[in-house]
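Naming follows writing order (A, B, C, D and E), and every chain is counted from residue 1.
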Amino acid sequence: MSILYFFLYLLLVTIIGLLYMGAARKITAHIQNRYGPPVYQPILDVLKLFAKKDTASHGIMHSLGPVIAYTGIAATLLFLPLGNHTPLLHFNGDLFVVLYLLVVGPLGMALGAGESANSNATIGIARALSMMLGYEIIFFMATLPVFYHYGTASIYRVIQAQGAFPDWAAILFPISFIAGLFALQGLMGEKPFELVVAPHEIASGPMVEYGGKYLGLLQIWHAVGIIVETGLFVDIFFGPQSILWFFAGTFIVFFATVIVNAVMPRFRIEQAVRFYWGLPLLLSILGILQVYIWR
Amino acid sequence: MAMFYLLLLLVLVGIVSFVLGPIKVLRNIIAFLGAVTAFFYFLTNIKPGLIYSLNIRVYNVHFEAGFSSMFFGVIITALFIIFLIASFHEENDGAYYLFAYLTLTGALAVLFAKDLISFFFFFETMSLFSFLMVLKGKSDTSFRSAFKYLVWSVFGGYAFLMGTFLKVYYTHSVMIGDISYLAGGVKLLILILLLAPFAVKAALMPFHLWAPDAYKDSKDTFTVFFSGGLSKIGVFGYFLVLFKVFTEIAVKYPYFLKAFAWLGAITAALSGIYAFMQDDAKKLLAYSSISQLGYVAVGFGIYTHFSVVAALFHALGHAVFESLLFLVVAGVYYRTKTTDLRKMGGLIKRMPLSFIGLLFGIIATSGIPPTIGFPSKWLLYEALILKGDLLLTSLVFFASITAFLYSYKLVHGIFLGKLHEEHKNVKEAPLGYAFGTVVLLVPLLVLGIIPGLVIKPIDYIVRFYLKPELGYNLANMNTPLGHVNFPVVGLVMGLTFALSLFIYLIAGKSYRAEQTDNYTATEAIDEDFELHYAGEFYGFMKKAFGRPLTWSFEKILNAFLKLFSFLGEVARGFYMGDARVYLFYVIAFFALLAYLMGGKL
Amino acid sequence: MVSPILVIALSLFFAFVIPLLGMVSKKLPRLVPPLAMLVNLWILITNIKFVSRGAMLVTTAGLKPPIAINLAIDRFSLLFVILIQLIGLLLSVYYLSQDNRDQRFYMLFLLNILGASGIVMTGDIFNSFVFLEILEISSFGLVASKKDRKALEGGFKYMVIGAIGSSLYLLGIIVLYLTTGSLNMAEIAKLMPHIPESIKLFAALLLLAGIGVEVELFPLNAWAPDAYHGAKDEISTQLSSIISKAGIYLAARIFFTIFNGFYALKIIFYLGVITFVIAELAALMQKNVKRMLAYSSIGQMGLLMLILSLVAKRGDVFVITTVILLALNHAFGKGLLFLSLGALSGGNGEYEIENLGGNGRANPLAGFLFTVGALSIVGMPFFFGFWSKISALISLMKTNVIYLIALVLVISLVEIYYYGNVIVNLFRGEGKKYGISIVPAAVMILFALFVIVFGIWPHPVFQIAQSAAVSLIERTTYISSIIGGM
Amino acid sequence: MNGGLLFYGSSVFLMVMGIFIAITGKHLIKILLGIDLFDVGLNLLIISFGYVNGGTAPIFSKYPHIFKNVVDPVPQALVLTAIVIGVAEMAMGLAIVMKIKEKFGTCNIAKLKELKW
Amino acid sequence: MKLFKFAQSRSLWMMHFCTGCGAVELPPTMTSRFDMERFGIIPMATPRQSDLLLITGYLTVKTLKRVVRAYEQMPTPRYVIGFGSCTINGGMYWDSYNVIKKLELYIPVDLYINGCMPRPEAIIDAFLKLREMIDKGEANAWKKYIENYEWYKKNQAEVFDVEKWSLKK
């Protein structure tokens, strides 16, 4: 029974993710005061992509790339408790399992894109991996004080440990929270740090050779990715939520990143990495020091 | 006695394979059989606790097989066999195998040695013969790097000797015994001196200058044993000095341990950065090997039960995936005669098995779950957080991020991207390499999924010195902080992979696009259009790091060495060349002495 | 019992027979030296059993010791004589392969060996001066025998310093004679306590001058680099292996048996340290391999004297055994290095590191032998040098001079640097091939064999060195067996 | 030992002159002569040690029992051999100097600077 | 499946080959005044990802080669809209030696918008027309390209070296 429950769960999250992407396009449209597509547009896009007759593939690894990407994000989803709603497997793994599974996605996509032997794709991947040097560190340093404070590495227990509104981790550790926000912007690949899929510069980066169903898979991967990344952030900083409040929380966080995405221009890659080693790094170190002093 | 017979056996096989040098086939068979018998002899007869001392009138050499020496001995001998099988494909002369066997003898003898002088003797033997092995390297720069390696390892050896003499002077015993009861700063000095050679062998930051060149220039198959096996002697040394020689180090010198951990973290981070700046596959792997050994140093620096078990497990992991990577690169070199990432590319089409080997190797190097790299990294992080120094944890995390960068650059440079014209009809790596790859893949996955198999012996070693706190069984590991069930993680990844494969299959079919059918803004491209972007892969990161990238410890060291050459100039100046001046020296000397002794005359 | 005096007599006889043989045929003189050496060795070996306890006295002209000149041989001096004769034999066999020698060279060679063995055997101080002079004059000749600009210059410098040194040595003897009234070493040793302190110091200083030149201590060794560099390779071998060993024996005999090791040895200690440091550092900067080996040889001698001077402090057997080990290792290792360098450079004397590049690969045997010699001198395991270096460090520790161990280790690191530099250069690129005939190759292999065989199993050499050291320590038995009459 | 100031003074003077010439001499032969002077001075010093004022040679066959002022014979014997050795030294030295003149073309020691540092 | 047909018509990813003077009409259609995104049409960077190819003006021999290559790189089902009269009959360049007179000969075109550079309203109309055609299943010009592939190739061969430029299927 749990297998069916697992499929349903995954489908639900994918659809919600696609709706988030539709909402994002709607928000950016309204910011540019135009109507923008209907919210369910991404679902249509995915269906259209899967309906494509035949798409070009450059080898087994090329076609397996999106598959591994989706595997990575799906596996991470399973280990991530959504609010205090406990999914199947969060007991068998903690923060580090999630962090390392998060990397499997981009690595799989990178392998596939690498196989497509297109220089745009490779430049895109080089940027994606270098960006990780920037935001991954800040994200980890932002979440570290929370885990250290509650003395556990399992996300579920961190959620339980945080009480009602006034003693959320976001309130107790404001500096780390802000640093986490900076990191989230990079993690999601939103506009100031949208160097990986920069359509104008490197023709949508790694996705340059992906068409049809591969692109469909990558869209789903991106959709689930939004939920997982924002969900992780919400779990750590916003404490125990019912499933509804959890999705509301993720949407609010997602809404914030989309707004920033709609108005910000794009960094050059070395500027982006250097930016992360500037203010956000300082903030996260302050966060850690705060834990030492305050605890 | 068993230990002495083992070493004797190895030396004899070495000599026999030297004598049989020209007859290739016979020599290879003998060499292979010798290694295998040594391995099984090692497993069957060497029991921990076996004591044996050999009296050669001048000094008596004491051997003792402890648990840790068993652990490392098995790793090193196994890697030696894999190295041997792969090396039959290269054309090596008899002397190559003689030196290989003598290096192995030195390494094993170091593991067994109980008294410090014989420890130094075998350490020097190992350094000398591995120097000769590197000297037989393939490129013309291998002389310079071999020489650098020799000077560095002899520097380590002499520091160790100095430490030994200090120890013997104060404790009047040559045995590897405890020195923590000594008074004053001398025990810190002895500790640092005894630790130096192992920091050199395991390429800790300030002592790592020899490693990249030596790993790059030595013969490819030997690098497998060199970086996988011999660096384990460094790790064994850490364990030996930090636990057996200086038992109450945590109590007496906690700051030394903290500095040691930070040094390990800095090594991991910096060599990670240098790794992804390299354009040569072997140099990249050399820096990656140094980076991985940095984690082991961090593990020892934390000095809790978790961290030491993590360090030993990571040392084993390093032996497995580092030798796997070097083996695959050796196979690629054997076929394409180049290790320069810019010249290779697209070999996945021609060498699929090697690609799988390298893929799992880099997954293990970056510590992604189903492989052996993940449990040790996970345990290391748990230990770091439990210990409480979060800044160190962040630096270690930064170092493990660099692992993703350089491992992807490696796999992309060699296997992905455009297949060059000259590699059109390159065949798969020969049997020796393929066998080694497959053999190494098994522990890489099995120990990744059920780490309990190996945690048990490791815990058994560390339990003797540190209070056991790590709860573990065959499948999962838990610490006060968190709990991981590794088979479940592996299973989940397999399940989701099957799911997404299913989604992929039900969608439409795809056709195999030809290599030139590529999006290049609709320009027509032909064969020699350079699509393979491998050189300067992270070029822009140079701008991101900016000037600090140019600082290197080598410059500081060379400035220091200038001092010696200055002194040399001064010393040389005395011998002016004119006989009369010499005469003047003699007379002046006597005049001076007479004056000094004048009082007593 | 064949009297060891024959060793000196026969050598003289052979030396002066050579010109006669020379007239008979060109080939014959070459055979004389090896024959002489063989006979000497045979004589010495038969005498071993007489030296098992205390010194053996050989009287000349029938008179009792204090009056006549006599030979006093104990195990310590017998070991050195056999060493000198053995290396002499090897070198003379080496010369067999070279036929462009004129007979005078062989005479000088025989005189040199005679001088060296004379010093080691004599019991009379003035007699040691005479043998020292014979040794020095013949080595001036040998160094200058190559008759090219470098050799002559080296020879001249050696001559100037050697002459002055030996004159001061003579003055020292006279001072000792005036105070003790006798010339016999044992006699002087017995009367030593009665000599006033300052006179004893003045005599020691003067004697130190003579010996210092031979043993290449710092201010007195200015001639050595030029002499080694100028001379032919075999002569440098002879210089480093035979002549300096005789110097070591003389130093040990005088400063230990006669002066019973008093504080004057402090000077040698400091001199030894300075020599060791300066020589090795100077060697670091050398571009010419021959000169580098010269400096390295001086450095090794400095270390040796350093250890010798420790004898006075504790006087236990281990320190002297180390001295003997170091001497043996230096004799064979350094000799091997000079000979193989000759083979590597094909005897035409261009020893620059650059144009030696690749020669090791071109003529593999010479390259291999050079590496063996270098690794042994540097003290790598499985070579005899390892044991001598370790025991040197242990003896340093035994006489609790701990900081010095650090200095010796740092300096030997420098040593490994420049030796490694040469070795690596030898095997890089392709060099010029020089033919090497069987005889010299055989000699070099014998040298190498000593170093390797006793490197792996040092037990027998330790045995001999220990017994010789014991005989040097027992000063009183030496004196009693000589003065106390037969 | 009471040879008087004359002998000691003159021998020391000779030795000092020898050394001075050897050190400051330009010409090779001058240096050799300096060394030889030093030897001669030394020999004179040794002889003067054994000198007994008014003593005669200790030949007992003619005057069997005179024991008082007999000159000490041993230093004289030593000096004999020392002189012979000095000669040998000088012979070898001059041979070398001849060859140097032939090969270097000059006898000026400043030119003998090929082997240095 | 009707749902797929609905999805295909509602989300058309457009790649406009900006030759000639039509390109300048597209920005206004994309941006806030006319906002074609509300019909699910967004510009994509590479032919692999797009299903709608807009030829926005006259084609010369040089650009036709690239258009054909881009067209072949697009996954099926793919649609082509020709802007302006130049694609129909060469427009005002009817007598120039290197302008392609009839686009029809070289790649199948689903829809033409006449007018010497149609205004954004006309473009939006065209998109809605195309959406109906897809719903009704009439927009299968891409099948014609596959069925009489040789005919198209013959025509193209007259104009440029097909061997070098076209993709080997």
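Heads up, the rule we're going with is that contacts are C-beta pairs under 8 Å (C-beta built on N, C-alpha and C of every residue); 3 or more make two chains touch, one makes a residue touch a chain.
This structure is a prediction, so every number in the text was calculated from the model and none was measured.
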Fewest touching-chain hops separating chain A from chain C: 2
Interface with the most contact pairs, given as the two chains involved: A-B
Of all other chains, the one whose Cα centre sits farthest from chain C: E
Relative to chain B, chain with the most remote C-alpha centre: D
Where chain C and chain D are represented by their mean Cα positions, the distance between them in whole Å: 28
Between chain E and chain C, distance of the C-alpha-averaged centres to the nearest whole Å: 98
Whole-Å separation of chain centres (CA-atom averages), chain B against chain E: 59
Chain centre separation (chain B, chain C; CA means) in Å: 45
Two or more partner chains touched - positions in chain C: 156-157, 160, 164, 225-226, 285
Where chain A touches two or more other chains, by residue: 50-56, 203, 208-209, 212
Multi-chain contact residues (two or more partners), chain E: 46, 48, 73
Listing of all chain pairs that touch each other, if any do: A-B, A-E, B-C, B-D, B-E, C-D
Residues of chain D defined as touching chain C within the complex: 1, 19, 22, 28, 31, 35, 38-39, 42, 45-46, 49, 74-75, 78, 81-82, 85, 88-89, 92-93, 95-97, 99-100, 103-104, 112, 114-117
Complex contact set, residues of chain D against chain B: 19, 22-25, 31, 109-110, 112-117
Interfacial residue positions of chain B with respect to chain D in the complex: 572-573, 575-580, 583-584, 587
Touching residues (chain side chain B, partner chain E) in the complex: 511, 513-514, 517, 519, 522-524
Touching residues (chain side chain E, partner chain A) in the complex: 1, 3-4, 6-8, 10-11, 13, 31-33, 35, 37-40, 42, 44-46, 48-49, 51, 73-77
